[in-house]
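Two complexes, one shared chain (subunit A), two partners (subunit B, subunit C).
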Partner chain A sequence: MAHSQHLAAPVGGRLLNNATLVAGVLIAIMAAVLLARFIFGLGAVTHLNDGYPFGIWIVVDVVIGSAFACGGFSVAMLVYIFNRGEYHPLVRPALLASLFGYTLAGISVIIDLGRYVNFWHIYWPGYANINSVMFEVAVCITAYVAVMWIEFAPVFLEKFGLHDIRKKLDKALFVVVALGTLLPMMHQSSIGTLLVVMGTQVNPLWQTQMLPLIYLLTAISMGYGVVLFESCVAASGYRRKIETHLLDPMAKVMLGVLAAYLVVRFGDLLVRGALGEAFKPTFVALSFWVENFCFAAPFLLIGNAAARRNPAKLFLAGVAIMFGGVFLRLNGFLIGYDTGPGWNYFPSAPELLVTIGMFSIEVLGYIVITRTFPVLPREEAYIKAHA
Partner chain B sequence: MRADENPRRNFLKGCVAAGGVAAASAVAPPVAARETRQRPPEALGLLFDATLCVGCKACVAACKQANENPAEFSTVDPLWDTPLDTSARTYNLIKMYRHGTMETKDAETNGYAFMKTSCMHCADPSCVSACPVSAMTKDAATGIVEYNPEACIGCRYCVAACPFGIPKYQYDSAYGKIGKCELCRHRTKDGHYSACAEVCPTGATLYGKTADLLAEAKRRLALKPGSIARFPRGNLSGGPDQSYEAYAGTYKQHVYGDTEYGGTQVLKLSAVDFEKVGMPYLPPEAAAAHSETLQHTLYGGLAMPVVVLGALTWAARRNVHRGGDSNGDGGSKEGEK
Partner chain C sequence: MANTSLLKLEDDDNIAAASKRLGMSRREFLQFCATMSATLGLPQGAEAAMATAVAAKKRPSVIWLHFQECTGCTESLLRAEHPTLEKLILDVISLDYHETLFAAAGHQAEDARKKAMAENKGKYVLVVEGAIPTRDGGIYCKVGGKTAIELTKECAADAAAVIAIGSCASWGGMPSTDPNPTGASGVAPVLGKPVVTIPGCPPNPYNFLSAVVHFLTFGALPAVDHLGRPKFAYSRLVHENCERRAHFDAGRFAMEFGDEGHRKGYCLYKLGCKGPETYANCPTILFGDAGGGTWPVGCGHPCIGCTEQGVGFAKPIHMVAKMKNIEPPLGYPRIVEEKGTGATLGAAAVLAAVAGLAAGAGTIVARNLGLSHRAEELERLEQTGKNPAPATTSGEKAGV
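The block that comes next holds the complex of A and B.
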């Protein structure tokens, strides 16, 4: 049964349940808030201001959301670039989460744009400014969303029995996969570069020419963290077996990337002599240590092989690394960003409700698609193969 | 045994490819290293001399009028235009520094001072580098940093990027614009210049070519504090002589805007420490130069992405079908073994 481990199947079951119902209500609330935003403007529903022109719709939904959505890219890279075919069962679920994460990040950007009707200017030669980091991020994310839908297309084609198109797509899939690895490398690093032009307004702990590498390495390790998290949640939510035999070695890869990251991060801080900032008695310094404690925690949690077979510890390690990434990004874009005295920002309730609504779309979409389409590894085959 | 039948060896190959790419990017010289830009030779700007400013705010009112901006209120009774900061509808503001008893003008302790806040028209502007759709541009001849609402997508990256907090967005509008000083470029065609400089009674705000303004600023720094000297008003680089005699201030020996981020076209003189009056310390290399150096080192001519894509395609080509993305409907080599 060499094949068994590649099989994916719909989970089945009812689409209407408590989880989907709650998600539906939250999405409806978001729609109401967005209506107000488009009629009355950004100020009517958000706490955005000229000291903090980027709020959670950008920093959480796009900067953090897209890094969370790196699971698809991180796992696909293992499988297809480093030829670790054994991780294949993890590809589809991870890709699905990425697809949602990125598509919704794109939608969040449109909602946040003050002059959204002009958004196509980014892609238009007369307007596009190739010196702008935002231009690079926007074009690259758009391309990646398209590439991911193609990468994920086999799932729909399979379901609807379109085997001819499926076979044709298979032949070109390696190009799509290569692009699907390159594009996130480009824009995840550029999301870090976004901070560079903000110059001295960003605390030296997060302002460096190494930002692209720092954001890339954390996005990759967050990708693995999300897969750990999501595998454990899907297993308990759907009462399935946890793929520990896959998660254990993958967690090891994750620790490797993370170790490389910490070397780069602290090496850079030492070389620039910026570490002193971390020992000032400020909230910003505290936030720096919380961030790095989260990045170091996985080594304590799953540093040894026995711990890596413990689903609870794998889950916690995944969560820790996700939080590390969250803090790195919040710190750079909001907490360690200072335009001068007098400016404050904390998201408003409606603003939070939109972010929560976006997250609900992800959860709802994940449930509907895994129940109806072949995404998660087929359970019986899986049990037979590993009994 | 074919190489691609050994997953471990292929894994290693993947690592080698990835390592090669990483090494190439690490050692690649920043060919595109972009130097900080300097002001164009005919750059236009303003010189604000805080020691001459009497805080009359005629320039604030004139700026409102010249740009057809409405009054903004911060008091209970909306009687006068009383903005507390520049905004998308207030491009120019005189802010006050106060300390202790506020007895002496232009004294750091127990004194007070005024400072103008408006766009500095940077030599290497962060807002222009940041804007993804060229809605912020710098005129090649005059160096004026201009805004075009027809191009703008309202992303507010310029707001985040500007070190002086100058571009501001209209959050209270359903389809807001950015607002900022454009050095009254719309007034030049009928012989006018910056309204703020035109109305300034003391010449504290002076209009002209930045080269001339810089020379004038340096002349003032060399004056003996308290001595009587002549001070021009209005337009330094043309127009009638409106100069008058006044006492030279006790200047800090620095022209703000001479070197900051490569220089700005609006220059400032002050008797109070610049950071205390809200002008931040900025290094001589512009953040825009750092940002664009990174951007073009990584993506210049798409060279690096193409190389990486090549390596990735090579690796993916060997592995995609072996891994067998096909879900049990044939096509997987592993299935045929």
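The block that comes next holds the complex of A and C.
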């Protein structure tokens, strides 16, 4: 980040307002549910069972949450790997969202573990099974959370005036940034591999050897989608100028990744001869088409240059691609996942409230940090530079 | 022990005579010897030696004493499932003194014992069945005016080998259960020297017979452990070869008699099965030779640990065994797992509320962005001096 003096500044303003209040209440509800979970166990709170050991705490909070959190990785890849420095103002806000997404995903795993006190076994030599996909995901995500906090550390160092440490960190930061690009590519693809292991329990529409590639490509495009979403919501919420001049070309990159994804996805379905499943009169088939409509929608919304200048359409395209990713993951892990006759899963209300609470922490954290720390680009500087 | 091939015995006259005597076919007799050799864990060739010995050697004289017991050991020998087993036992040994089987009584019987002891001095085998009372000078069990202690010592003095059959003779058994009013004891402490013990209540007759045939063939009793138990029969826990072991490892337990797990043949550990702390070969040769599948665990009753001192007749039947090899985990899956419930009203309501809020918020954000975009476009047009139409940017922006 040596060339990164891109003038970020705290947004300022009151921390207590309607949004933070609502988020706070939702977090309190989650805390109450989690208290019950830790006293009475998973069975008392969730609808998890032997047929569906992965509930929404894993599928939504971890699998989808970490894919949402790919904004930091996607933008960092654009800036540092493809050397497109102009996108730099987007890095910090995107990284912030990623930081929260991944940290909370890690916490969610511990909440979801029946014997959470043994969580460290997965890393410990002697306990660890280095041939397991789960091991890869766990180690990678843990390492990435640590890497991201280091990557994001300059924000706190700037705030507290620790410029000496900041300078020292800058010299070593390229290693951290490189790791921060490598690690998510490893575990986002491995999350797809988790499903490969589940074999014929997964509907043929979502069960393929290409899953690692499919999950990686959607995670990258979802990362850009989240940046669109987050920039638009931040602009709308804080009444700021929107960085359309950055979002427009980035959206183009996103469409490119998305197109590559759709080619891989449907090519794979055709080669495997699994597409017939999509034309059966089932709920699963409907869910498949909803998923793919969401992935196709961005082309309709922001396919031409004029539309890409309209932040409303950028926002909707971002939302659509996020929902596409959500459905891809829900379909693979829950909707199109069938353990056998009789097995059934739908999250319980307390389970849902915990997931909602997790996302509330992200919202609250984002508001507090952007208002207090230099994350978003400074407005005057921005206006001066682009008037 | 020169001959090591069963096939060479096919035309042996002695074998033919022995099988005729036993009422078996020659093949059955040779098969029987092979089975017994395998039970003892002996190397190839031993079966031929055994067949030769059983057919040709002079039968060892056996003195069989009964003390504090139920005669179950003798009964299980005589009522064996295999109709030839008791014949074989009586053919292999010369049972010169046995209180249950004697036609004679009183002094006549005692004379027979003394005669046999004198004739076979140093060569006979002494078998003791039942515990020996030691309290008050051993007055609680007398035969022919002599206490059990005296009889045992007298008969053991010139015996080639002493075998304690059954748990009572081995370590006191049922009569020694607390408070043990007669001071019931096994044979070894009374004699003050180790003896071969064949514990069990009753023990499998094969274990006794195998030990005797080993003595007959090789002139010595089989190798024993620190408690005098033949290693071929008592070196493994019942748990190790149990037919229900896979259920134990998978955590499938019968939790009470007659429940679903019990009916499905799951592990009986939680019903108090003592298999994990009891050394015996019941799972492999079954219990008491009572027929296929009829050993206690096979019938759905937990092992009570009858061969094991401190377990059988000491621990309550429903008391969970102390694991001697692996400790089981505390928690196990239930026998019938819940398969999950569908959507509840509450969950559906929460989900619908979230979806509605998200859709609403998304719409407002999109509309605001659209409005400000339109305003900007209009502003730009205004600056280029084309269209001065007023623009509203007063959309309800979320007050984040």
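Just so it is clear, the second predicted complex is superposed on the first by the 382 of 387 C-alpha atoms of A that agree within 3 Å, B and C clash if a C-alpha of one lies under 4 Å from a C-alpha of the other, contacts with A are read in each partner's own complex, and residues count from 1 in each chain.
Here is the rule we go by: a residue touches a chain if its C-beta (ideal position, glycine included) is under 8 Å from a C-beta of that chain, and two chains touch if they have at least 3 such contacts.
Predicted model, so just to flag it, every value in this text is computed and none were measured.
Student: Putting subunit B and subunit C onto subunit A via the overlay, clash or fit?
Tutor: They clash.
Student: With the two complexes superposed on chain A, say which partner A:372 touches: subunit B (first), subunit C (second), both, or neither.
Tutor: neither
Student: Now for A:49: first (subunit B), second (subunit C), both, or neither, which partner does it touch?
Tutor: both
Student: After lining up the shared chain so the two structures overlap, which partner does A:122 touch, if you call subunit B first and subunit C second: first, second, both or neither?
Tutor: The answer is first: A:122 touches subunit B but not subunit C.
Student: Where does A:19 make contact in the superposed view: on subunit B (first), on subunit C (second), on both, or on neither?
Tutor: second
Student: A:239 contacts which: subunit B (first), subunit C (second), both, neither?
Tutor: It touches subunit C, and subunit B stays clear.
Student: In the superposed model, does subunit B or subunit C contact more residues of subunit A?
Tutor: Looking at subunit A, the partner in contact with more of its residues is B.
Student: Which of the two partners, first being subunit B and second being subunit C, lies in contact with A:356: first, second, both, or neither?
Tutor: In the superposition, A:356 touches subunit C alone.
Student: Thinking of the overlay built on chain A, is A:142 touched by subunit B (first), by subunit C (second), by both, or by neither?
Tutor: neither
Student: Of the two partner chains, subunit B (first) and subunit C (second), which one does A:342 touch, if any: first, second, both, or neither?
Tutor: both
Student: If I apply the document's touch criterion, which positions on subunit A are contacted by subunit B in one structure and by subunit C in the other?
Tutor: 49-51, 342
Student: Looking at the complex, which residues from subunit C come into contact with subunit A?
Tutor: Where subunit C meets subunit A, its residues are 333, 337-344, 346-347, 349-351, 354, 362, 365-370, 372-373, 397-400.
Student: In their complex, what parts of subunit B are in touch with subunit A?
Tutor: 4, 7, 10-11, 13-15, 17-18, 85, 87-88, 126, 129-135, 149-157, 159-161, 163, 165, 168-177, 261, 278, 280-283, 286-288, 290-296, 298-299, 305, 308-309, 312-313, 315-329, 331-332, 334-335, 337
Student: Would you pull the subunit A residues touching subunit C in the complex into a rising list?
Tutor: 17-19, 47, 49-52, 232-233, 235-239, 242, 309-312, 315-316, 319, 342-349, 351-353, 356, 367
Student: Which residues of subunit A touch subunit B in their complex?
Tutor: 2-3, 6-8, 38-44, 46, 48-51, 53-54, 79-85, 88, 91, 112-119, 121-122, 126-129, 131-136, 138, 154, 158, 163, 166-167, 170, 173-175, 177-179, 181-182, 185-186, 189-190, 193-194, 196-201, 209, 211-212, 337, 339-340, 342, 374
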